[in-house]
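Each in structure tokens, the structures are laid out below.
In the two complexes that follow, chain A is the common piece, with chain B as its partner first and chain C second.
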Partner chain A sequence: MHSEVFSHVDPAPVAAKSEGGLLGKRVGVQSLFCVQGWPCEGGSRALKGFVPLEDATVVQRVKGEGGVLVGNTHCSELGLGVTRDSAARAVAEKHVDAAFMIDVLGEARMAAARAGLFGFKPSWGRISRFGLTGLAPSMECCGILAARWKDISAIFSAIASFDERDPSMVVPSELVAEGAQTGSGRNGMVAGFFPQSLERLSSEEREAFSLALGELEGAGVTLRQVEMKEFHLFPVAHQVIASVEASSSCGKYDGVRFGHRATGAKNWNDMYVKTRRESFGLLLKTFLFQGAYFQFENYAAFENACRIRARLVQETRKFFRELDMLVIPTQDNARDAFQARSLKELYSAFSCTLPANVTGQPALSLPGLYRSAGRDMGLQVVGSYLEDEKLFSLADRLVAHREGSA
Partner chain B sequence: MSKDGRVFCGSLKLSHVGQRVHLAGWVDALRDHGDVLFIHLRDRSGVIQVVFSPEVTPSHVCRLSESLRNEYCVQVRGVVNRRAQGTENPHIQTGTLEVSADELTILSGAQTLPFPVSEKAMLAEGGARRTDSVAEDLRLQYRYLDLRRPTMQENLFKRYAIIKTARDFLHEQGFMEVETPMLTKSTPEGARDYLVPSRHFPGQFYALPQSPQLFKQLLMVAGLERYFQVTRCFRDEDLRPNRQPEFTQLDLEASFMDDHFICELTEEMVCRMFRVGSIDLPRPFPRMTYREAMDSCGTDRPDLRFGLRFVEATDLFQNTRYGIFRQVLQRGGCIKGINVRGQSEKLSKNVLQNEYAREIVPSFGAKGMTWMRVMDGDLDSNIVQFFSDQEKRSIVERFDAVTGDVVLMIADPSYETVVSALGQLRLHLGHRLELISPHAFCPLWVTDFPLFEATEDGVTSNHHPFTSPHGDDLDPDDRQGLLSVLSRAYDLVMNGEELGGGSMRINQKELQLKVFRALGLSHEEVEEKFGFFLRALDFGAPPHGGLALGLDRVVSMVLGTPSIREVTAFPKNRSAFCPLTEAPSEVSQDQLKELGLLDLVEVPSVPGMGERGELIDSLSWAARIGLGEEEKPAVMEALKEAAQLADVAGQRAGEEEPVYAPHRVAGPLREHQTARVCAFAQTGEVFKNAPSVKGDYFKVASVLDP
Partner chain C sequence: MTQGFQAVIGLEIHVQLNCATKMFCNCPNRPGDEPNRNTCPICLWLPGNLPRFSQEALEKATLACLALNCQIQEKSAFDQKVYYYPDLPKGYQLSQFHRPLARNGWLDIVGEDGNSQRIRIQKIHMEEDVARLVHEKEGRTPVSLVDFNRAGTPLVEIVTEPDLHSPRDAMEFLRVLRTQLRYSECSQCSMEQGSMRVDANVSVRPLGRDLLNPKVEIKNMNSIRHVGDAIAFEMDRQVECVRGGEPVVMHTRLWEPDARITVPMRGKFEGPCVPDPSVPPVVVEDSWLQEIIQKMPEMPGAKVERFVTRYGLTHEEAQHMSSEREVSGYFEKALDHEAPPRLAAQWIATQLLPLLKEREVSLETTSLDPGRFAGLLFMLGREEINVNAARDVLKRLLESTATAAEIVDQCGYRQVSGAEELEALVDRVLAENPSAVENFRKGASKAMGFLMGQAMQASKGKANPRVLKELMTKKLG
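Let's turn to the complex of A and B:
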């Protein structure tokens, strides 16, 4: 079955289990998530006709906790951007209680913000990526969208345990050690904001953002202005690194083991060139060519980007000695992620969400706090790395305060 | 003895015994006997054994000698002694002598060698060392070490001696050596020219000479009468195992002489050159016209070291019942054969039918081969029943066949196919049946070549357009007539290899113009390409002719080396690459820019591609992602952006260690874990998603690169 919201729908969805933390929760996943027996084409000819042989770990766990897999939502090609994504719509139109969406640049938060939903990107290494056909392994996470805040935290606790099939997962022992280091011994909530993230806002949006900050203060949050002078380097590092990773991880789309295969190739090389010419759309191709450029022509640029990333990670983590969260707008009106047709537009639109992908920190886009021009813009709170649970408890208080005041 | 009192190692004789000498050279080999150290000291002249013994050598010298290693460059002083009976070394010329060292200076040390240099055994029972097993590219990479080997030094020395012999001889004969330019004009057939860009004339090129042809003819017009030159020529030709992009040619030209003079002169010179290698060539060199060579050996460079000449048999089968022959003759074809004398034992029915008739001869371009073994005056063959007694008798008679002979025949509608296939068969048999003596040298002049050869739409020169025809009645518009015109060209062939060639030249402008016209060149083309030369023919050009000898080939043949690289100091390898200097190499954009070469690159037609056209193509190939024309502008734009990102990243990167993920990842290839076999691979389920499967394999386009 096929619809505007779903690329595949289970005609008779049932829970695999009759008990568990997610009992009865209806979940949709992008067609980038492997569900055994469901087509998983990732919005790309490269995966044409691909039917996974097993479930992604997150899918398996949803099923294991009594959740119901409803269907696959549409996505932009291999999850790059949100222009064709329907995950948020599936939630907003109540087809599902929650949707899983790969967040590589901030797609999950962006889509949630636009639809007035909660959008959560976990710390990198907290949720298994086994069975996700993504683009940039060091940047992307399994994002969760939901209309109700409690669904997000419930799903997170149901799916976030260690999975040895994902070698990038943080092992539980490290998790405890890391978590013990930061923010401990402080009881209040200190939120940082930095002017560099507000530079591109219109005066009206700034006004709205100030109002949002005021609401936080009302909820007992202490605000502190910080400086992030190298904020403009996040997109540079992200684009160089992610394009290289995409170029590398798209190497598997060769039309040999799955996906589309071009006809009439003269030889093996020709088969690759033709197949991959026909497999990828233009936006993804430009990304893959950038990656190929760094890989084959300018590898120093990739290493330099990784050095910059190291510094950005260090600098950002320093803030969290004194802060519990950073508050950043999720989006602005001038740069519409849903209309982004080029890499330039894409990276410009996601410039406030992608820093969390660069540093791996948990980030949550909250609805209802930051509104401008009659639209919910989404207020993004970024937590300390690997301390997702702490971010949840902060969010609990903000949500409770807002619901109380509403 | 040289000025500084140094004596050459190889020059030591019994008469030196008792003298204290000063030697210098390289440590060829060492033999350590505890207290006593023996070394072979090598210089260009040879090898001498030097002994460091506590009995005669001061202790500090002995200590120093312990640090010696192969190929250390050293200076030694000591007394020449006669070796004790029974310790002589027959492998070196100075094997009865040794030098007891009392002084040692290490002039320069040497690292571990990439391959052994030493060729001389230190002990009587030791065998000669061989470097055959060393990869040639390694030898070429360290050519200066390779050239230290006595064999290579001998080759270079003999090369020098052979060339000097030629120079001396030509000097005797009143020839003078004149140098002609290396930066010349690209010739009309210049597809194989090496081009040299001119900085002063941006976008224009000199060409390195493929031969000094026009200049030497101009020297004749200039009245030098007898010219020669040992010169380098350059041809960017397809790679062949025994071909170099640059090669040395002995080029000569003489005025007022006929072809007999040139050939006589060349014979005498070549004989002297071969004598350097102790090879006596039979004189006079036999002559064969091109036609005779093709008729009897199927090639214009016959190897006369063995027989197996062709026998014409077309006329024997005018009324034959044998279908294949009849059809060939009906189509105007020809039948030729070879009598392989006394080889019926080696050429069994099985070999003849299954190897030669089925495999080998078809690979030479003929459709098949007819064979007959002569047994007791009768013919034995798989098709002999098709021949009449009369035909059998005439075969035996024509081929002069007796018992034990094998008669092979090839029939084809095309004469060229018959002689070409039979010629290759002749060589194949010559080698296989070991009919070729390794010590035989059979020179031959091949003369009277056709002046032209046919092309699809006209004719082209067989040698070059300056070769004189026999006579001057030449109708440029009669294509068939042109193909029958013979030239006054002559090739010197030795053992089936062309060593050189030359011709009498045209010295009349009218005739030269006719030849150009026959070649289809317009007035404008002639003027543009040869105007300067034709003008010279207006000013009293003498009759003249000459020849060019490939010196690398001559030297290689005299010395019996497997390739011309063995007689060239710094050759390119088989791929025309120099492993030593790594030429050819890329040059900087700045160099190209200064030479005005960047502007020559054709601007791609797709808008926006500009100078990044090549980058997009190379990335498209490296990433194996094809692009439609309509996609290119966006990809170009993305690449421009990528370069900008790289700039920013370069400017802003600090000293931090790069990180590749938010936390350190052990990686999927963790150590101490054995590889897992995917269950889906075992069940075969992995094939479910494959576009194409064959058996237990993913099926892909079958050919890598046709």
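Let's turn to the complex of A and C:
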């Protein structure tokens, strides 16, 4: 079955279990998540006809907790950007209670913000990536979208335990050690905001953002202005590193074992070239070319980007000695992620969400706080690395506060 | 032909580790099985799968590094070595390019001049093997088939410094390296079966100069002998180039064993190496390393010295007995059963091993346990039997479960050493061969050998040759 929202729907969805923390919760996943026996085509000819042999860990855990897998939502090619993504729509139109999206640039938060939903990207290493067919392993995470905040926290706790099938996950002992280092012994919530993230907002948007900050204060959050002079370096570091990783990740799309295979090739090399030419769309091709350029022709630039990334991670962590979170708009009206058809437009539109992908920090886009031109813009709070739960208590507090004032 | 020139040789040696599973999944590490039997979504690199680094591979690789005197790095990491070829279905090979497992090793070899020479090992890194390509014909159409059994097999790559200067030294180095690695039991190291593969980087320079000229990489040698031959050929070829004024350019050549020449293969392609975010860094904790060090056996160098000082073997005998772990094990077990040490060393090397080889069994699989073997040597040492009889008894020992003493008694091999008994025998032989006696007295010493042979025959091989000779000399003198 196929629809505008789903690329594949289970004709008779049932819960695999009759008990568990997600009993009866309907969940949709992008067609980038492996579900045993379902097509996993990731919006690309490169994956045409590919049917995974096993469930992704997140899928398996949803099923294990009594959740119901409804179907695969459409996505942009291999999850890059949101132009063709239907995960948020599946939630907004109530086909599902929650949806999983790979968040590599901020796609999950962006789609949630646009649709007036909660969108959460966990810390890198907290959720298993086993069974995700993404592009940039060091940047991406399984993002969660839902209309109700409780659904996000319930799903997170159902899927976030250690999985030996993803050795890049943070092991539980490290989790405790890291958590003990930062933010301890502070009562209350201190949130930082920085002018560099507001520079490109219109005056109306700035006003709206100030109102949103006011709401936070109303909920008992202390605000503090900070400076992040190197904010402009996040997109650069992200683009260089993610494109290189994507170039490697896409090496497996050769048309030999699965996916589209070109016909009429003279030899294997010709077959690879033709297959890849026919498999990938323009935006992804541009991205892959760029990655290959840094890999083959300008490795020094890649190394620089890695150094810059390490510095940005260090700098950002410093803030969190005195802050519990950073508040950043998820998007602005001038740069529409849903219309981004070039890498330049893409990186411009996601410039406020991708820093959390670069640093691996948890980030949450909250609906209803930051509205402009009649649209929900999404207010993003970025938490301290591996302290996802702390972000949850802020969200709990805000939701309670707003329900109380409503 | 290469007079006035010196070769500069560095070796890159790939060694397949004898792990039970592949490096990043639980598939059996048996590349020789029916094609594509040992595969799974991880080693086929189907979308969504993540590599899971095997602790066993780390352990075997660490043994290899220790056997080659390397410094194990506390932290090492896997990179993606990017290239596109049908034997590599994900487009990159996981290999520790930037941060290898170990650095700064060495092996000592005995150089051509008889002096010990230290060959430095630059680094040892782990990597996964790639799939095997089989080129066949379906009817008249050439086809290439891919067998993924080998994809993901754990390897270490050993990179030497360019410290070798002759084909002979390169071969000697490889023999020492193979012995060391086999001792640590991390690999079978068979070049014939592909569990050890050697690429040689060769350049030449005028004798006495320090410069490094562009090197040529040679591949496809499947024995240590071939490595030597290929290097020798390549030296000649390069010297000829230099003399002819033709520059040597960096490239890769293939050894053709039938024609015994190297031929150009392809322009050297260096793929980029980018860190892999999905494989966490490999951390070697000191406590774990100490455990592995405990597992290391006594290595050949130490063993040779001990055999010389403790058992009084000659250096050469000690080397023979240390060449392989199973040989030294057998030797020492025989000594536990009171075999005379030097006799044991000589008989293992010159009698037992050749007999086993004929019968296509090894010291590990033979039914002749060291205890029964020692029994034979014990009797030989006490002159209860002579050498000829002992050779026969050894053959019989291999075919039965009886002890040496039982065989000797049953078959009447016991040596006759009694002077009275032998004196009668000697008298008879001398009386029967007057012309030989005459010849001996005229100074033909050869005649003694003839007379000894006759006497030995008359005793049906049982006479004690030492006593026999004494008597013979006395009677003739």
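Note that the second predicted complex is superposed on the first by the 406 of 406 C-alpha atoms of A that agree within 3 Å, B and C clash if a C-alpha of one lies under 4 Å from a C-alpha of the other, contacts with A are read in each partner's own complex, and residues count from 1 in each chain.
Criterion: contacts are C-beta pairs under 8 Å (C-beta built on N, C-alpha and C of every residue); 3 or more make two chains touch, one makes a residue touch a chain.
Treat the numbers as computed from the prediction; the structure is a model and nothing was measured.
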So, after the overlay on chain A, do chain B and chain C clash or fit? They clash
Tell me which partner A:R277 touches in the superposition: chain B (first), chain C (second), both or neither. first
Message = Per the contact definition in the header, classify A:C34: touching chain B only (first), chain C only (second), both, or neither.
response = second
Winner on chain A touched-residue count between chain B and chain C: chain B
Touch test for A:E164: chain B only (first), chain C only (second), both, or neither? second
- Message: For A:F50 in the superposed arrangement: first (chain B), second (chain C), both or neither?
- Response: both
Q. Counting only touches as set out at the top, which of chain B and chain C does A:K252 meet: first, second, both, neither?
A. second
Just chain B (first), just chain C (second), both, or neither: which does A:R311 touch?
-> first
Q) First (chain B), second (chain C), both or neither: which does A:V244 touch? A) second
- Task: Could you look at A:S202 and tell me whether it touches chain B, chain C, both or neither (first, second, both, neither)?
- Result: neither
Exercise for the section: Go through the superposed model and pick first if A:F296 touches only chain B, second if only chain C, both, or neither. Expected result: both
Clashing segment of chain B (vs chain C; choices 99-107, 135-143 or 405-413) is 135-143
Both partners, chain B and chain C, contact chain A at residues 50, 53-54, 137-138, 167-168, 247, 254, 256-258, 268-269, 272, 295-296, 306
Residue positions on chain C within touch of chain A in the complex are 41, 44-53, 80, 82, 84, 86, 89-92, 144, 146, 271-272, 274-280
The residues of chain A that touch chain C in their complex are 34, 40, 42, 47, 50, 52-54, 56, 129-133, 137-138, 164-168, 244-245, 247-248, 250-252, 254, 256-258, 268-269, 272, 295-296, 299, 302, 306
As the complex stands, chain B meets chain A at residues 615-616, 618-628, 631, 634-635, 637-639, 641-643, 645-646, 648-650, 652-663, 665-668, 670, 680, 685-686, 688-692, 698, 700-701, 703-706
In their shared complex, chain B is touched by residues of chain A numbered 49-51, 53-54, 123-125, 137-138, 167-168, 170, 174, 230, 233, 236-237, 239-240, 243, 247, 254-261, 265-274, 276-278, 280, 282, 285-298, 300-301, 303-311, 313-314, 342-344, 359-361, 385-386
